[in-house]
Every structure is written in structure tokens, then in C-alpha cells.
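Okay, so subunit A shows up in both of these, paired with subunit B first and subunit C after.
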Partner chain A sequence: MGKYEFKVDKSASDFKVSISGTIDEDVDFSPYQLAGATSVEVHLGAVKSINSCGIREWIKWIGTAGSAKVEYFECPKIIVDQINMVQGFLPAQGRVKSFYVPYYSDDSGAEKNVLFTEGKEFTEQGLQTPPVVKDDEGKEMEMDVVEAKYFKFLKK
Partner chain B sequence: MNHRGLSIRYKILLLLTLVPLVTLSLYLVLAVRVFESDKLAYVFESGSSLARTLSSQSTTDLNSVLSLSKPVMQEFLLSGSFGPVAKAVFESEGKLDWVAVYSKNPEGKFEKSGIVEKIVGSGDRDILSFQDVTPLLSESLEKGRLLRVPFKDDRILLVERVVNDRSPDVKIFMIMSRLPDLANSFRATSGSEVFLVNDQGFILFGPAGSEASYLSQKMPLDFLASAKEKNLNSGTELVQGGQGKSLLASFSRSNFGELTVISVVDRAEALRAVDILIRRSLVFFVLLLAASVIVSLFASGSLTSALTALASATRQVAEGHFDIRVAVRSRDEIGGLAESFNAMAGEVSRLMGETAEKARMESELKTAQTVQETLFPPTQATMGGLQISGHYEPASECGGDWWHYCEVDGKVFLWIGDATGHGAPAALITSAAKSAATIIERLNVDPAHAMELLNRAIYDVSKGRIMMTFFLACYDPVTKLLTYANASHEAPFLIQQKEGDLKKRDLIPLNEVNSPRLGQERETKYEQTTVQLNAGDRILFYTDGIPDIENPAKDSWGEREFIKSIISTNSSFPPIEESVSTMVAQFSEYRKGAPLKDDITFFMTRCSEDGV
Partner chain C sequence: MRFHSNLKSWVSELPTDLSQEWESILVEPISEVPTGSNAKVKESCIYVDDSLSSPQVVAHVFEKKIKHLVQRNSGRFDSDLEIAATVMDNPERYFESQFCLINKKTVNSHRIIFSSSDEKEKIKAEVRQFVQELKGASLAETVTSIIEELYMNAIIDAPREAHKKGLIFQGGTCEFFLADLEGSLQVSCSDPFGSLDTEKFLGRMNEVYERGAGEAINMRNTGGAGLGCVILFENSVGMILGVRPGAQTKVTCVIPTGTSIKQRENMKKSLHWFCV
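Up next is the complex of A and B:
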């Protein structure tokens, strides 16, 4: 197995892909052109890392979707950071349907990623964070991000 | 140079010479021993055979003489004189010369009683030449039968004691007979000397000149006595003769009297063939050795010349002449070694070339680093109501990060960017950005417009292959307004002056506007926005290399520790130089000298209380 893996479920108009591994200068999106698709569903839960060269390739690739509806699912923090920072990482017509929010307990050092799903933890009207997130020992955890920065993409 | 031992050429020469020499010498020793043993056995066998033959012949001839003489003797014993029988025998038989008979007179002295001769007077002449026959007759009287060769020719004198049954007188017959065949048999032997001797070692027949002497003068005859004691009729013996000669003696006892035939061969003569074999073998050895030396010289010369060429080539390589090659003249191990040497020299040459190229490139990178360092401003500055303090550390010789500040028409422009990747390609883009910025800042345009111009410059340089995230801000010290545009760069954190502890929520990302990266598209329009600053407010501009700092275990510092570091280093709002140096100390402590994964660039600004 290489550094990355694509699992594609493609129909006439729908393109569904699950991506895992590392997205860097070695990634090759050319077998997965999105031209002609009316909807593109990208599952990113297993992406481990992405660097600036991988971002460049990603933007080129996702740009081939044209006017198709693009939806990102299960975005890990590294993807959310890119969405927030890099203009074009999420196309203008694209939407994040679900993403992970890291939580952390200073007391126990426990970490947890909580999946925020559209319609539950966030809507077009705003964020509805869970009132309390606890670790396995029942201790309260705090959000491990700068909220003003991490949730910025929801205001688009 | 180390002291060298014996040349391999001489080693091969010695090997190829000594091996046949030792082998052939051993073979010669063994062959000589076998041949010598075989020869001695052959000589002994031949001598024994000759001795037996002549012993048998002697017995036959002497018995024949005795048989011829018997009727003559009987006639005398019966009649007291030699009569017709003796006359008939002497007429018919040529072997007998004469027969004389002696007996003792009353005084006890021997008297001739009669004689019969083939030639009248010949017997008496012979007897007269004896001068005194008494000792001979006395001995015969005692022993019974004697044999003598009084004239050293082919005649033999047989002295026979005869006891007459009818008379108490003892008659002693002296019979002179000729045995030329027997005598010649002893004289004519070749390769060995054959003697017919009596029990005292007296030679009756033998090689010319040896008759009538004692064989014991020539060689010891102890073995005869020993053989007699053991009742051996024949045998062989190696004896030491006169003048230190070893003699091979074979003997055969005769059945006539106490006669023995002894065949004697000089051992040195017998083994002369061995000497010839040794001499010829030595000649052959010398020729073989000479041939071996010549072949060895050619072989070792061929071998060592190739090795010498290789050694010479190796020395030249050691002196730095990597283009040297040796000729491959064979397909054996030496040829293989030459091919390997050529391959090695080629590889060394290639590696040296690569090393030189690498050194050249490293030198160029060093130069590029020096040039790039000129692109960065002093890390500490105060201008336009802002205190500025920064830190830059590239991951390799040249980095892809760039930061800058300048004052244009009373306003302070703050620039920070991060090219795709790092190293020389990214450094070239930062160089282009710096060049473009130098021109743009003279135009005194707002950040969005400046960003558009910068984007075109980057795009035209990289053709979309390398991009750059960028954040450009313009601070007006009069209004304390900060106008900024962002090209997908990490949003700086605004930290407003406050009382009490600094919290994470006090970090305000300047992310109200964002646009595509520089170089992504040529005609990108950039948005800008404005934020109001107050005295004491500070802003941290940074690139994404800081959270990516790794320790030796390759664990990232991470955003959480980065945020904690920002809070801790600014919690009491110390001078920004102190904040920057403390943050550097914190991530350096974590990093513990591990290589950087990405360039590290950050700088902090603080609004002065007096505004200007």
C-alpha cells in the first residue's frame, strides 16, 4: 500500500470517494477526474496529513468538479485547517457536511475527536456545540482549537 | 610505502621450480632404491647360477679325470707297473699328460714307484720342476685327495691316496691332466670373476693371473666356513673386499673334494647402471628444471605484468587520477580483477564528479543563502509607531518563508509569506516576492492592490508550479488602523492589551478576509479589511512551520503547545523581544536540535502608546 488510497464509488452522475493516508507531492489525482459529475461526495476521515504540495494538487483536482455539488464528510482537523486557511480548498459551491472537533483534558491528557454533523452540531444559523464533552474518566474536556479560527469556515 | 616481501613473480617461479624438483628428486630416490635392490637381486641370482653351473662342470670334469685314471691306477695296483691298459688309456684320451705313483720305502721316505706319460720325459720334467714333492705327498697321505695347479695353466694336478686291499702299502698317485674347457670357463667370464678354490681358499682356476694364489688375499672368506657349518651348498654374501670395495659373492660347493666355485662381482660395477640412470636422470632433471623455469618466467611474467599494471593504476588512482583504466587481456581471475578495477575507477570517478558537483551546488546554495539573508530585514525595529521583533530559521540552506517590513509614507507595511515546499525552488520564489515587493512598496498602494501585483509577479515567475501563501498588512500610526489582505496564509493572532490572565479566547485571528494563494491564478482579486488597534496591542505573524516542529522522536510540537506558548510568552505583556526570545527558547527546548521539517518564521508587532 502506498502513502494514500482512494476508494471510489462512481455512477453516471455521482462521484463518491473515500480518501485515506497522506496527501503530498506524490499524490496522483489524474485517474479520478470529476468532470461530468453532478455531485461529488468526499470522505476524508482517514486522511492522516496534507502538505502544501498536496494542497496545490488538491485544489487543481477539486477544481475539475466545476459546478458540481461538492460535499466533504468527516473532515479531520488538518482538513478543516486547510479549508479555513486556503482559499479554494473547499470550492465556492462546496459544503462541509461533517467534521471533527478535537477536545482535550488538561487534567488527564485525554484527547477525543467529536464529529460535528450538519443539522445537529451546526446549521446554517450557527454552531450548537455539545454542552459538555467528557473523557473516559468522566472529566470535562475543553475544545482544543481556537474557536474563532477553527469554525471560521461555517460563516461562509 | 610499506616494505614489500618477495615478489609474487619469484614466488610463482619458486613454486613452479621447486614442485617438480622435489617431486622428481623423491621419484629418483625411490626409483634408484628399487632399481638397486632389483639389480643386486639379479646379480646375486646370476652369480649363484654361474657358480652352480661351473661347480657342476668342475665336478663333472674332475670326476671324468678320475674315471679315466682309475683303470690306470688299478692296473698298477694289480701288476705293480703300468702296462697295456695305461698305454691304451693314454693313446685314446688326450686329457691325461702323465700319471706317477709314489709309495714309502722302509726308511719312510716317498719313492716314485712308476710313471706313465703321453710324451716321454714330460712327467719327469714336471716332477723335477716341483723340486720337492714330499710335502704334497704327505698332505695327500693325510687328506686323501689334493688338487693343485702347479703351472698356472689349464693343467691340474690331482694327488690321490689309494689304499690297496691286498697290500698294506699306501700308494699315492699324481695325475696330471689337461682341463682347458674348465679353465677357460673360469677365465672367460664377463662381468664377474669366478674362482674355483679348495677348502683353504687356494685358487685352482680363475681369471687370468689369479691362479695359484689365495682368494682370501682379495676378499674375506669367512662366509664359506659359516656356510659349511650350516651345511649350505650355495649362497650369496655381500663382503667388504680390499681397497674398501664392496663385493657381491655367490658360491656353490662342488661335490668333488672340498672345492667351491665363487663368483665375485664388484658392487660398484654391478650398480654402474644405477649410476648411469642417476646421471641421465640428473641431466633430464636439469633439462626439465630449465624448461620449468622458462615456462614459469613466461607464466609469472604474464601474471605479474597484469598485476603490476593494476598496482600502477591503483597508485595513480590514489594520486587522484581517476580516469586511469587498465587493459583487460584475459578472461580469468586477473581479467576479472582488471574489469572490477575499471568499474571501481569509473564509479570513483563518477562519485568524485558527483561530489564535486554536490560541493559546487552546496557552494551555490551557500551563496544563495547569503543572498537570501539579505532579503530579510533586521529582526528588531521600531518604526511608524510599531515595535517589531522577529525570528527566521530555514529548514535547509535556503528557505521558502519570507517576512519583511517597511515604512512608506508614514505607514508601516508588514509582509509575511510561505512558498510551497522549501529549499532552493521555494527560495527563488521568495526572492521574486522580495523583488516585486521592493517595487510595489514604492507605489504606495493598499494591501489588496499590492497583493494583486505581487500575485501577478509570482504567477509569471512560477507559472502556477510554485505558490505562496501571503499575509500583507498596513498599519497607519495616526489612526492605529491595520488594513490587511490574506492569500490563504495562517491568520495572525491579535492580542489586545488587557488586565489579568491571557486566555485562549483572547487570541483573535485576523481572518476576516481570505483569498487564493499567490501564483494560483494570474488575475485574482484580493479582499482587504481593517481592524482598529490600540496602544499595547500586539500581533503575532507566523508561518505553519512552528506547529510542525518535531523533537528527535519525530513528535510534532503541535498547535496546542504553540497556542500555549503564545499565551505564556505574552501573558504579562512583556517587551515583544522577550516574548519572541522566550518562544524560541520554548520550541528549541522541545526540538532538542532535531532537524526542522519546515522553515520557521514569525514576528511580533506592538503598538506604541504614543502612536508614532
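Up next is the complex of A and C:
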């Protein structure tokens, strides 16, 4: 397997894209143009890393969706960080439908990534009451993010 | 170190007495930076603060030509001062292979030599293995982001810039050096081109922070995206840029260990640059 893998399922003008691996200077999005789509679902749960060149290629690629509805699913933290840092990484008409939030236990040092889904942990109005997350010893863990920074994209 | 009188309360909180070491180095609050068109910052001076945001750090360093800016974070001010002093005391030594930023400790370290563009995934796997011994999957993710950008700088950007400047390649390989400094992880990347223009690099960081990454990104197909400098800084608590023009560039990122993501992101950052 190469550094990344792309899967595109097309049903009429609805595109469902799954991306895994590393998005970097070697990524080639040209076989996966989104022109003609009216809706694009992008599943990102298996993305492992993205660098600055990958960010640039991403923005060019997602731009080919034009005015199509764009939705991102299962965004790992590295993707959420880019959504917050780089305007255009999530297009203006795009929405995040689910994303991961890191949790941390001060006692045990344990880390967990918890999936937040629209309609449950957040809505269009913003974050709802966050879930209680426990480590393997049953101790409560804390959200391990600077909330004003991490959830900034929810306010747009 | 000779501390400015206004820093007495900070000095009294330091667990080690740094006043007996590095006697030629001054430590002054950033408010002491001279202003005015002919003002010059003091060369052997570490300027300190504890409340600057990342953009403010870069703005101060870029606009006022401050070479060493250290910010006080609870529990690590002494080690961050020591890192600055170690680099200032003998800058030539910074460029040595496997140079550790904190000399006194015996460290667990790892060195990777590389020279081609197809080694990156192998390097990332090696680094992840090394970092896994220091707790935290989130730390491995942070280090991976740093390795990505440093690798591109060394393998792609450095030779391209050297070619543009007409520098003659003297030979040599690139090197990653990682060291567990007990409380910090040092990630250094050295290339044998020495083509980094520190003023341009800092200016670019300043531009990205001022305009926003989405506006400042280089969307042309040639050259880098121009965001790597900020990605490195955002993932570190301190960054050191050292250049021997035409011979070597060495960029070091210092990452706190044994902390949560939130604790790391709330830390105030330090920045250093110099040419030898």
C-alpha cells in the first residue's frame, strides 16, 4: 500500500470519499476531481498525518466541488486543527458532521479519542453537554483540548 | 547569568541557582528592549516574558531582531533558560551532530541520517517507536507533524534555496536527532546546505500569523505552501533556528513531555535564531 489510499463511491451526483494514510507533497488528487457532484461526503477517520503541502493540495482539491454540499466525517484532531487554522480547508459551504476529541486522565496518563457527532454532542448552535469519559480504571477523564481554540469551527 | 533587577521574583522561584553560570549572559524583561530607529538589542541577552501569544513572540523577534526570547512557564523556566544559554555560550557547538540542548543530563537519544526523498515514512516509523517510550500517542502525533515539516525543509526546500542562491553544495547528509531531556523532547534536523534565510523565515511566520494561514498560503504549484514554519512553532514550546551560511542549517523544536495536550497548548513559547 502507498502512503495514502482514496476510495470514491459515486451514486448519481452524490460522492462518498474515504481517505486514509498520509496527505503530503506526494499526494495526487487529480484522479478524484469532484466536479459534477451535488453532495460530497468525506470520511477522514483513517487519515494519519497531513503536512503543509498536503494542506495546499487539499484546498485545491476540495475547491473542485464548487457549490456542492460538502460534509466531513470522523475528523481526527490533525484535521480539526487544519480546519481551525487554515481558512478554506473546510469550504465555506462545508460542515463537519463528526470529529474526534482527545480526552486525558491526569491520574493514569491515559488518552482516548472520543467521536463527537452532530445532533448528539454538538448541534448547529454549538457544543452540547460533553459526554462523561472514563479510563480503563473507571476514573473520569477530561477533555484534553483548549476549548475556545478546538471548537472554534463550530461557531462559524 | 545576570538577571535584571525587575526579575527578582522570578529568579527567587528558580529551583537552581543560574546566577553562577554563564556569567556573560544577561537576562532582561522584554520591556527593556530598546526602541527607536537606531536602537539595537543586546547581543548576549535573553529577553524574557510570560504572557506573549505565539504571534506576539514572532512579531517581537522579527521586528526587533531579538535573537533569544524565552517565556516563563511554571516548572520549566530554568530548563528553557538553560537551553538558551547553552546555545548562546558556544553557538558553534549547536551545529555538532548529536548535540544535546541540556548538557548535564544523560539522555536517551536517537539519530537518523537521511539523504533522499523516499525515506520519510521509514523515518516517521522510527521516530514513533522512539517517542512511544515517552508516554503519549498525542505526543507521537505532534512529533510526526514536526518531522513532516522538517523533512520537507531539509530535503526539498534547502537544496532548492541553495540552488537559487548559487551556493555550492559541499557534500554531506541530513540528520534528525531526538533526545529525551526529561521534561522535554528535543527534535533537531540538520541539512548540509545552510541556505535558510532566517529573516525571510521569521518574516513568513509573521505574515502567516498576521494574515491568517488561509490568506497567506502559497497556492502556486512551485515552492512550499509557506505554512511549515508556523506548523513547527505551533507544535513546539520552543524553536531554535541556526545557520552556518552555505554549510549547514539546523532547526530544533523543543516539545514538553509528560503533559497533556491542553497543558502543552497553554504553554508560552520561546524562539531563538542565529547565524555563525
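We adopt the following convention: the second predicted complex is superposed on the first by the 154 of 156 C-alpha atoms of A that agree within 3 Å, B and C clash if a C-alpha of one lies under 4 Å from a C-alpha of the other, contacts with A are read in each partner's own complex, and residues count from 1 in each chain.
Just so we're on the same page, contacts are C-beta pairs under 8 Å (C-beta built on N, C-alpha and C of every residue); 3 or more make two chains touch, one makes a residue touch a chain.
What you see is a predicted model, and the numbers here were worked out from it, not measured in a lab.
Overlay on subunit A: subunit B and subunit C clash in the combined arrangement.
With both structures placed on the common chain, the touch criterion links A:Ile78 to subunit C but leaves subunit B unconnected.
Subunit A is touched at more residues by one of its partners, and among subunit B and subunit C that partner is C.
Look at A:Tyr104: by the touch rule set out above, it reaches both subunit B and subunit C.
Residue contacts after overlaying the shared chain place A:Arg56 against subunit B and subunit C alike. Contacts of A:Gln87 after superposition on the shared chain: both subunit B and subunit C are touched. Contacts of A:Thr22 after superposition: subunit C is touched, whereas subunit B is not reached.
Contacts of A:Ala148 after superposition on the shared chain: subunit B is touched, whereas subunit C is not. When the two structures are aligned on the shared chain, A:Val114 is found in touch with neither subunit B nor subunit C. In the superposed model, A:Val133 makes contact with neither subunit B nor subunit C. When the two complexes are superposed via chain A, 422-430 is the only one of 422-430, 440-448 or 476-484 in subunit B with C-alpha atoms clashing against subunit C. Residues 25, 51-53, 56, 59, 85-88, 104, 144-146, 149 of subunit A touch subunit B in one complex and subunit C in the other. Chain contact summary for the complex, subunit B toward subunit A: residues 418, 420-421, 467, 469, 487-491, 493, 504-505, 507-509, 511, 514-517, 520, 559-560, 563. Here subunit A touches subunit B in the complex through residues 25, 51-53, 56, 59, 84-88, 104, 144-149, 152, going by the rule given at the top.
Interface of subunit C with subunit A (complex): residues 120-121, 124, 135-138, 141, 144-145, 148-149, 152, 156, 212-215, 217-219, 224-228, 231, 234, 260-262, 265-266. For subunit A in complex with subunit C, the touching residues are 3, 22, 24-25, 48-49, 51-53, 55-56, 59-60, 77-78, 85-89, 102, 104, 106, 109, 111, 142-146, 149.
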